[in-house]
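Dropping a structure here in structure tokens format, bear with me for questions.
Letters A, B, C and D mark the chains as written, and numbering starts fresh at 1 in each.
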Amino acid sequence: MSIRVTVWNEFRHEKKNETVRAIYPDGMHKVIASALGKAGDLSVRTATLDEPEHGLTQEVVDGTDVLIWWGHMAHSDVQEAIVDRVQEAVLKGMGLIVLHSGHYSKIFRRMMGTTCGLCWREAAEREVLWLTKPGHPIVEGITEPCIILPQTEMYGEPFDIPEAEETIFISSFAGGEVFRSGCTWQRGAGKVFYFRPGHETYPIYHDPTVQKVITNACRWAAKRGTKSLDCPNRPMGWFEKK
Amino acid sequence: MSIRVTVWNEFRHEKKNETVRAIYPDGMHKVIASALGKAGDLSVRTATLDEPEHGLTQEVVDGTDVLIWWGHMAHSDVQEAIVDRVQEAVLKGMGLIVLHSGHYSKIFRRMMGTTCGLCWREAAEREVLWLTKPGHPIVEGITEPCIILPQTEMYGEPFDIPEAEETIFISSFAGGEVFRSGCTWQRGAGKVFYFRPGHETYPIYHDPTVQKVITNACRWAAKRGTKSLDCPNRPMGWFEKK
Amino acid sequence: MSIRVTVWNEFRHEKKNETVRAIYPDGMHKVIASALGKAGDLSVRTATLDEPEHGLTQEVVDGTDVLIWWGHMAHSDVQEAIVDRVQEAVLKGMGLIVLHSGHYSKIFRRMMGTTCGLCWREAAEREVLWLTKPGHPIVEGITEPCIILPQTEMYGEPFDIPEAEETIFISSFAGGEVFRSGCTWQRGAGKVFYFRPGHETYPIYHDPTVQKVITNACRWAAKRGTKSLDCPNRPMGWFEKK
Amino acid sequence: MSIRVTVWNEFRHEKKNETVRAIYPDGMHKVIASALGKAGDLSVRTATLDEPEHGLTQEVVDGTDVLIWWGHMAHSDVQEAIVDRVQEAVLKGMGLIVLHSGHYSKIFRRMMGTTCGLCWREAAEREVLWLTKPGHPIVEGITEPCIILPQTEMYGEPFDIPEAEETIFISSFAGGEVFRSGCTWQRGAGKVFYFRPGHETYPIYHDPTVQKVITNACRWAAKRGTKSLDCPNRPMGWFEKK
């Protein structure tokens, strides 16, 4: 059975900025969705901020095994009720992949409990993402020891996250900074993967290796089981009588 | 220099319920504060829900190295702005000790990113808290392999928390359930300790071993350094020119 | 493609002790292998201590995606060279499932770096294994909140292991002790799962739920990728010139 | 009471190589010990490979709260019996600080369970160690966001270690590689800190910030309590009758 992926994009930069539109005429979500669709085992749809309920109705969320999240300029426009819905779905088992500036999204900050802050610079500099966990499913098929992106926005440490449960990538930048660019956590029955690449003014989601990582991450994060969020009262001996 | 501890209590059960008042006439916070005060190296004050700003003004929070939190029936009465303030202080380095039904407090759920739900039963049953990490500062001076509490409310697994960074205690109950009764995490520069004992209708905070654990936990969690929560823009080469 | 599982058993108790032989006439490994074989997606073979190279030749290890380990009375008879071989395979990506008294095996102690000691008692008492991580692949299809084993050897905390990366089960025993009965770690590219059930004088590996957990664990731990264990010298700029 | 620190050094390079001797005429251990001695709260001694029992008699180990380890060319000359003794002491609560090429020491590989391999290059290049966990005791008093070392040997990822429990530093090198330069783990009751700086042909242990980190790490890792390594048989109800 296919893994059901929903690619969520704020989809504002693409409408407002010509440079971004030139790279992603239909939005970043369409480029990502198209790449994932080619994998064969992923069934992909998209959702964006300005759709009703941000495109994330209860029905859509219930039918999603992995949600990919890209946001930047409009984090505060995301309704709390939708964030509640997504958080609940993650805790019950839905995977969550947060991309680039999504580090500051409501949903990521909720799952982490920290500010998720970092240092940054826009200088079109080279980033090298080093594989720190070769053999992990998220880097399957990546045979080089690093991924080189010629022009990126810099994100630098300290990255205010809870200690990663798995560190998949660490980046260095031409300017000398470092960043934990690929990290995983589990929250409830859900798996969370943060992946740094993806500034809107560079064609990063057209990069086949970046696409491969996101594809792998969908397989890794896909919902496997369900966790109840009930908090039941239990009479003495209830489990023996069942 | 003393460790500055603030014991926060919802302080509602004690006012409304005669059984509770009989055990804690001045509130649980007073019993806990008195026990901590005897340690010698802790400088202790208290704060409660019905004080202005819940007793947690910016000045109080700024002057607190460890905050202890007990709440139950009035979690929803805690203002979001105060939760924001406490969360920020924890990320900057303040320790946070969450007791018993505080598992469902806004602040604990914020720090964890999960529901913090569990199973429960009130049957005045025996709890045995097993030391799973002997040698840890939180169990310093506890020479027995377990702490026995003759009458407690039961909390049972699954406890919906992120995997503990340190598991200090695991409880068994007379009815057969188990629970991770002492767990630690770090969030930003702050240390968080969840400690299960403490139902309001049993005299648990009068127990000297329970008091010793909380005292130890204050020393373990005390603010040691400060983390900035800024997200600065950094020009190329900034760190070399300093 | 099938997951290639090798079930390793010390296979001494079954030869020496009539009680054990009555329960496992062909050895515990045969009962486990038979159960796993019924899953359909696992290709299973067995290996035992008294075979040449303990049945774990380089060829067998190279052809194994998951190794299951049961040992007890003869841990010290396992050759260091074979332990080296298994450890290397795990670090390169082979899964390792350690059962019951295997907690004291050379291979498990090597992977953990600790004594892996615990408290114990043989009193044929009831064990209840509580699911602490519902929704995890290792408990897939287990719909009850706990697994009840009517007669077991007791293992009690403190269990001298590095903090578990995932806690899957915690047991309570009739006598009141608790134990982390299902724990996972990663070492190199390999996944390690310790699962407590399985004393040789109780028919525990005939239990269908225990069999289901081990089957699930094989799928969870199966080798996914390969990690090189080289420690190469790298000239300046090597990764850019490739 | 003072924290009792033992600085262990292989002390072979200094005897054989004139360049090293020029930087560390009495050995690296003496420079480190002298720096730690100035802290005031540390009581410091040294031990070296060519002393009887490598200077680590049972009496010395029993009187040590933190052991610092530097080795490189003679890892294989360290006797297994002494490694056993040190490992046991760590599990019982002694702190262990492993420096630079000590990543390949027997004791560090034992505690980790992995190869502890990495990539490397000697090109006298600049290393920048970024603080990833500001506010942590190990970086107390370090007010800059990074430590700059003008000439170092490069160590590059993947570093074959179990996932760090705390990541304190991540380095970038002039050549573009990255490395987790400061990591912590707990094993038994002992705390372990790996700290990368320190090649023998650069005067790195003369650097006051490097000295400050090691001083802080001694305070952080110091033995706080004791863990028994027994594996006792427990009769039914033993804990209730005590």
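One rule holds in what follows: a residue touches a chain if its C-beta (ideal position, glycine included) is under 8 Å from a C-beta of that chain, and two chains touch if they have at least 3 such contacts.
Small disclaimer: the values here were computed from a predicted structure and weren't measured.
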Just to be sure I understand: going only through chains that touch, what's the smallest number of steps from chain B to chain D? 1
If I rank C-D and A-C by number of C-beta contact pairs, which comes first? C-D
Same residues or different residues: which describes how chain B and chain C meet, taking over half shared numbers as same? same
With centres defined as the mean of C-alpha atoms, identify the chain lying farthest from chain C. B
The distance between the C-alpha centres of chain A and chain C, rounded to whole Å, is 33
Centroid spacing, where centroids are CA-atom means, of chain B and chain C in whole angstrom: 36
By residue number and range, which residues of chain B touch two or more other chains? 128, 133-134, 145, 156, 158, 163, 165-166, 176-177, 186, 188, 227, 239-240
Which part of chain D faces chain C closely enough to touch in the complex? 87, 91, 110-115, 117-121, 123, 125, 154, 156, 158, 160, 162-163, 165, 175-177, 185-188, 227, 229-237, 239-240
Listed in rising order, chain A residues that touch chain C in their complex are 92-93, 128, 133-137, 139-140, 144-146, 148, 165-166, 186, 188-190, 224-228, 239-240, 242
Chain B residues touching chain C in their complex are 128, 130-134, 145, 156-159, 163-167, 170-173, 176-178, 180
